[in-house]
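Here it is, the structure in full.
Chain naming follows the written order as A, B, C, D and E, and within any one chain the residues start at number 1.
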Amino acid sequence: MTYLRKSWYALPNLLRFVVRRLFVGALLCLGITFVSFALTQVVPGDPVSANLGDRAASDPEIVAAFRARYGLDQPIPQQYALYLERLVHGDLGESQQTHRPVTTDLSQYLPATIELASAAMILALVIGISLGVLAAIARDRWPDQIIRVISLAGVSVPTFWLALVTFYVFFFKLGIAPGVGRLNPGGKAPPSITNMFTIDALLAGQWATFGIALSHIVLPAAVLAIYTIGSITRFTRAAMLESLSQDYVRAARAKGLPTRTVILRHALRPALAAIVTVAGMAFGRMLSGTVLVESVFSWPGIGQYAYKSALALDLRAIMGVSLVVAVIYILVNMAVDLIYAFIDPRIRLG
Amino acid sequence: MAERQPLLAIEGLTISLPTADGGRASAVRGVDLSIGEGEIVGLAGESGSGKTLSALAVLGLLPGGAKTGGMIHFAGRELSAADGRAQAELRGKDVAMVFQDPMTALHPMLSVGRQMTEHLVFHRKIGRAEADKIAIDMLERVRIPNPRAAMARFPHQFSGGMRQRIAIASALVTGPKLLIADEPTTALDVTVQAGILRLIEQLRRELKLSVLLITHDLGVMSALADRVYVMYAGRVVERGARAEVLARPRHPYTRGLLDALPHGSPSDHPLTALPGSPPAIGRFPAGCAFHPRCRFAEDICRADIPELRDVQPGRAIACPVDPLSAVPA
Amino acid sequence: MSLLSIRDLVVSYRGHSGGTVTAVAGCNLDVEAGQIVALVGESGCGKSSLGKTAVGLIHPAGGSVTFDGERVVPLGRKARPAPQRRLQMVFQDPFSSLNPRRKIGDLIADGIRVSEGHGGRRFSVGECLERVGLSAGIADRFPHQFSGGQRQRIAIARALAADPRCIVADEPISALDASAQASIANLLVELVEELDVGLLFISHDLSIVRRIADVTAVMYLGKIVEMAPSEALWQRPLHPYSAGLIGAITEPDGEGRLPADLPGDVPDPAAPPSGCRFHPRCPIALERCSVEEPAWRLLAPGRTVACHRAEAALT
Amino acid sequence: MSDAAPLVEDVPARPRRRLMRRSAWTQPLGLVGAALLVIIVLLAIFAPWLTAHGPIDQVGRRFMAPSAEHWFGTDQIGRDVFARVIYGARVSLPYALQLVIMASVIGTLLGAIAGYFGGWIDGFIMRAADLVMAFPDIILAMAVVAALGPGLFNAVLAVVVVSWPIYARVVRSMILTIRDEPYVQSSRLLGVSTARALWVDVRPNVMGPLVVLAALEFGHAVLILAGLSFLGLGAQPPAPEWGSMVSEGSKYFDKWWLSVFPGLAILLVVLAANFLGDTLRDALDPRTAKAFR
Amino acid sequence: QEAGTLVVDTAFQLKTADPAREFEPTANLVLHPVYETLITFKGSDLTKLEPSLASVPTISSDAKTFTFELNPAAKFSDGSPVTVDDVIFSFNRVKNVKGSPSFLLDGVTVAKGSKDGEIVLTTEQPDPGLPYKLANPALGIVNAKVVKANQGSADEGADKTDRADTFFATASAGSGPYVLDKFDMAAEVVLKKNDAYWGAKPNYDQIVVRNVDTSAQQMNVMRGDSQIALDLRPDQLDAIKDTAYTLSVPGADVVFMFTNSNPEISKVAANRDFQQAVRLAIDYDGLLEIAGEGAARPGSIIPTMFAGALPTAEGPKRDVEGAKAALAKSGIKDPVIELTYVSDITKNGISFADVAAKMQADLKEVGITADLKPSPVSTFLDNYRAGTLPMTIVWWGPDFPDPSDYLLFGPGEKVGLRAGWKEGTAPEVAEIAKKAAVEIDQTKRTALYDEWQKKLNEQGPFTSLFQPAFSMASSKTLEPVEYNAMWTIDLTAIAPAKQ
């Protein structure tokens, strides 16, 4: 025991941190599978009705075949045990509505959402941080007030409504934005590597496709980003005000450094640490919150998939989505902590 | 001590700050101050008396919304205190500043080397390597062990005393003529403080540095300063050579401050506290701001703001009564 | 048996990377009724840890604390046993030691109410306030309406509400302006005399300690290295660290004397030096100091030292 | 004591709430937010007197554009959109309030329990919070709706499940910091039990941030409930709920008034709540405001 | 957008591209051009069989044997000819994988005929409706060799052994004018021209069917981003009339309501007079208005476009006084009844909540209180199929375009039981149904269905409310498009406008 303990502490901090977080994360995932499994069990309603045609659902033979195929004929604890056993082998079961392995479904829909959410995150970070910094510099003067109203409006506007309005205005009225979907109708997707079209197009050097994919992502990403822009602006402002009031910023100014350097290098850096945390949480929220935007822009992502799965009581798909969203949430938060430690040398992981 | 050619002269400096309710309050109310070349001048006073603000005004680093008046002469140049831009030229190059708390005055996320050289590179327009060399030299001068390795480390890896040395070194790499040290030892332990005081003295000698030493610790003042200014409620109440002011204070406030300090052996004098507490900014009493706490206050103290007047060569007090003129400490 | 008696006290914290920081590494200290014992040392040497453990705020990792013959039970979730409420503490920062949302009167009444049943006197709120030099009329004000010195008085009044027999004051004056320092110091001295309480006065300021303490204990890196009557210590420190501390004091006498420099800083308590913990900074260290820890021994009446060369210093 | 005469008299009483850095009420935005909220509440209360039509009365032709008669036009079955929007406040506000109250009470309790007991109880509650935060909301909401049937109250229940952790975290972390504050320690030394210290010393200091948090969360609650209704998981037609009105209206995009006005109503309410909440947060002692991060 | 590409927007209802397993509208839409069936329909007419891979069948007099002749010219997209074996394989596969469409071939045996290229289907019971089932894209003929090579099986136990659905998600093995190019259930299905097609060349090189939210569909057509929008609401057509062809016709789904005749479920609902009161209380015209322009109301349960449908006039009419009288007669004072409906899906854009609210108001007028019980579809279907709902609004989509599909509404039949209509409670109705099921003569058959429906209206718990309109818009760059209740629109028939 002591030996184990000793060798544990002998590991490098970073490794120890990652191992510990992964372990905790795995436990959390186990909890997630349990909760999602339990949820799908408590919900009244039989996947048979939801997934078979009317005629088929009243044919006992077909129903039996259906149940057998999805393992629904087994006792409930056994179903869960079987699920876990398959999970260990990376098998999330088969979706009842798409008749495909859930992993296949996820590998198709998840990248679309990640692409969208990442684009939104990048927008939110760039705009949010810039506005936040501006507001902090102009504290209590009119630019600050204006930015404040903008950012509060950002966190106040209902996304689903904004999606409709912007689509109407930019696509229909002005014709600036391209239509729905990830590519133009019938457009060839770039060779699939990550399944994120912008990245795949870049990897394949297909510039035209890249341009199209990018133009399609801008509007939904902007809509998705609005809320996060608002919150990041507020956080950046607060964090900047705090770091601007620090002695080390005064010291930097006293050294005669130009204002830009002082703000970007000295004041923004510590603020970034706080922002990264907020951004990490926002990313997690975006993943499961995309459904509203996805449906308006016909974005074939995980939000719509989750919504449909839940509608059809597609047990394995529901569990798969819950699990994968949780895994991403955990990984993102771990990444955030790593970035945090990278930004701030005082933080010692472990 | 002989008056030297003043390097910095502040004339009639006033500073007012916006208050929460939208008004303004005077924090510094007409300060004259001069520092000769190679001279260490101490600026003493209780918390809130305006010491830091006065120093920041020299660098044009006052908080947003502050309004200033008066003139600043530096090395023959004449700057209006109200025009922050002029002072900006001095910052880092001619005038450097060290802050009270070394724990917070160094950037926690930038390496020591980076912090030592960034302004050097900026001001002198030299390369990184050259800047590094200068910085390492300076670290050596302030007795940081193994300066080359220290450059790559981060502030939190140093103790408080070491950090203050690094902060001082960082302020001095550009070869400024004046160092403003705002309570450089308050946050440090006595044994460490001794080292820093010795270091400042040594640097003054070696680099022909002028130092404005801000402190409320009269002991530190006594160890280092050539001349002393004592501030109260935004005004200088007493000025003179260190030995004169500390050994024979003439302003009741200076005297009260000294009496409250435990020094000498316990039989020398009992600890006597000044009654009350220093007034907050915006609530300075009329007349001599010190009069409510002054044992000797007379009617005139309540009526007029006393001017700083010369009472001996190089010695001035702002007290119309001068009750201590004959009383030895 | 002393009023407050600390024996072989060890306090450690769990630090990063699973290591432990031993902040107090075996200390002995006694406080008698009516006595002021000062504990001085540089920042981080473990003064606060010792003080907090003495009143039961921290679980000691070893050793014992007894108050009035009873073992001091570390605070759990339950209310503190009545007899131990006569052991009180005053904190350093007068801004955070008073609940900003509660009236002064309530704060003090708290102390009076809950400390019933320990056999002490029962005061009124007004009495408590007047005892520390404040007027009884301020009871319905909030802490933020007072200056630092006044707050510290209120904090002391609160401690007094429990009619304590012993007070541990952790740097009660270091956050204050010079004149407020003097007045609080004077107040404490008066209270000790008047109420015959014992006072453990933690400070890093030797000159004030010299003024008010009967006995001074000097602490270095988790260990008390010297204990002596204050004036005797000041006149002839037996431990080189005590000497260094005294030498580093600046006097506001206008003479322009630079204080003596003690090289180096207090080392990290997570990795204390071997042997005598002071040896890396010690101007008179011997070979032996780096390997053998000096014994804690009585050298003269009331004078205890832990230094290999203490005997030499005495003569 | 002679030299330290009580000097209370010359310390003029400063404004009472120093914790409010600047009074929240002097801030224009906060004022605007508060005023807006008051107006909206009044509109909701006096809705029957403000419009001649009920929210589900079919009073005109279908798809009448806004006019003097029907300020916001009429909808797909001839109902007055203005009346529906006004009455919508009677739906959204009470449910959002319910949500905030339930979530904050549950969250505060759990946070307090975690902070008070520590150890495995703390671990358990906090892991549960993690789990809930990592769980996709939409699936949870749909499960609740499937189990209990659609309806705004059931949507509220679903959202409570996902929103208590934020309160629990804030409360717990504040308890943990305040617990080590010298003023709590000194109370404890005087003989106050932990439970009482929590009540007397910690509670008043937690209340402020909690109220601010709740104000900010109120806007969020309105948004989430509207979003769920938009998906058909919340309010059911013909209830005049803004989210479901936007959803219905979105099918007639050229009849812009159907979805624009309820959308604006949501925006306005949330904005007002955020104006107020944000101003309060700013006004709060910056030290405690940190707990929100 | 590429030339030669047709873009169709629809809100996907799609689960798989495996014909033997599909049973969703969107699958019918996209698989119809890929997998040809033995026989087919032209245009919007579902009453007349047309030859496709095979001739129109000859039917034996007992309506138990159906003989088809394969067209020898037919070949699959890989060039191999369509053989009898392929047909047998395809049909057996549908039966044995036990998917949603399996019931279409319940009791049907498929075998080689005596002649080359002859296929014989035999049924256990007389089934004159069988040929009408065979046009369903689920019964499309697949290339047996290819499917077998991809883990396909048509044998007994294929429900466990057949794994060809993975293959069908990426490729196709049919004989239609198009082949599957891309199948993405969330985003789009892309069809590519089958270069080896044995019939007339298709009009487009590529057809893209996109999954688009209803609200965006209209904008897309108006902006020319797509050519056809399939899921509009009748109300939406006004705005688009000038820029596109619009079409609003009754869809094949029938929205109906029932009051449960099982007294164990609800004493109130089961009361015959109460049922009558409800029937007379409903404002059918008002409901039709909610359903919008283009919606229709069948006289009974069979939708208007099918053979055997009753004219609207034969259906119940609103009669408030009559309803009150019936209610009085029932002896039930202030009846309260739960009205359950699906809350999370709509039928051609009509939300059941609107319908329920309207009915609630109508019932109120005669003194019946309806408690609205919205329910998500997943739980609704369970309760509906278990027959535990006292009163509900629900819909029936035809499984195949033949009136026999509706015999399920009879007493003791599947849907009848859901409304608590037990076997033996209406022997008259059952009797007529039995005759109608086996009648081959078209005129007699129609007459029997007429009679059956009239009796159903009289004695049954069901009341049909309306057929929601199918509303679509198509670009003026195309020839006008026709609606087909089986595959929505025939993608192969769409052609660019003639200049």
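Note that in this section contacts are C-beta pairs under 8 Å (C-beta built on N, C-alpha and C of every residue); 3 or more make two chains touch, one makes a residue touch a chain.
Nothing here was measured: the structure is a model prediction, and the numbers come from that model.
Q: Which chain pair shares more contacting C-beta pairs: A-D, or D-E?
A: A-D
Q: Using mean Cα positions as chain centres, tell me which chain lies farthest from chain B.
A: The most remote chain is E.
Q: As a quick test, compute the distance in whole Å between the mean CA positions of chain A and chain D.
A: Here the centre of chain D sits 24 Å away from the centre of chain A.
Q: In whole angstrom, what separates the CA-based centres of chain D and chain E?
A: Distance between chain centres, rounded to whole Å: 47 Å.
Q: Quick one: chain A and chain E, Cα centre-to-centre, how many Å?
A: Roughly 39 Å, centre to centre.
Q: Rounded to a whole Å, what is the gap between the Cα centroids of chain C and chain E?
A: 88
Q: What positions in chain A touch 2 or more of the other chains?
A: Each of 43-45, 164, 168, 172, 311, 313 in chain A touches at least two other chains.
Q: Would you give the residues of chain D that are in contact with at least 2 other chains, written as numbers and ranges?
A: 3-5, 7, 11, 142, 146, 250, 253
Q: For chain B, jot down the residues that touch at least 2 other chains.
A: In chain B, 272-273, 277 touch at least two other chains.
Q: State the interface residues of chain A toward chain E in the complex, per the touch definition above.
A: Those in contact with chain E are residues 43-46, 49-59, 61-62, 65-66, 68-69, 97-100, 108-109, 164, 167-168, 171-172, 175, 179-182, 184-186, 295-298, 300-301, 304-305, 311-313.
Q: Report the residues of chain C in contact with chain B in the complex, numbered from low to high.
A: 42-43, 147-150, 177-183, 185-186, 204-208, 210-211, 231, 244-245, 247-263, 265-266
Q: What residues on chain B touch chain A, complex-wise?
A: It is residues 59, 61, 64, 88, 90-93, 96-97, 99-101, 104-110, 118-119, 122-123, 154, 156, 167, 170-171, 174 of chain B that touch chain A.
Q: Along chain A, where are the residues that touch chain B in the complex?
A: Counting only chain A, the residues touching chain B are 139, 246-248, 250-258, 261, 265-266, 269-270, 343-346.
Q: In the complex formed with chain E, which residues of chain D make contact?
A: 56, 62-63, 76-77, 142, 145-146, 149-151, 232-233, 236-238, 248, 250-254
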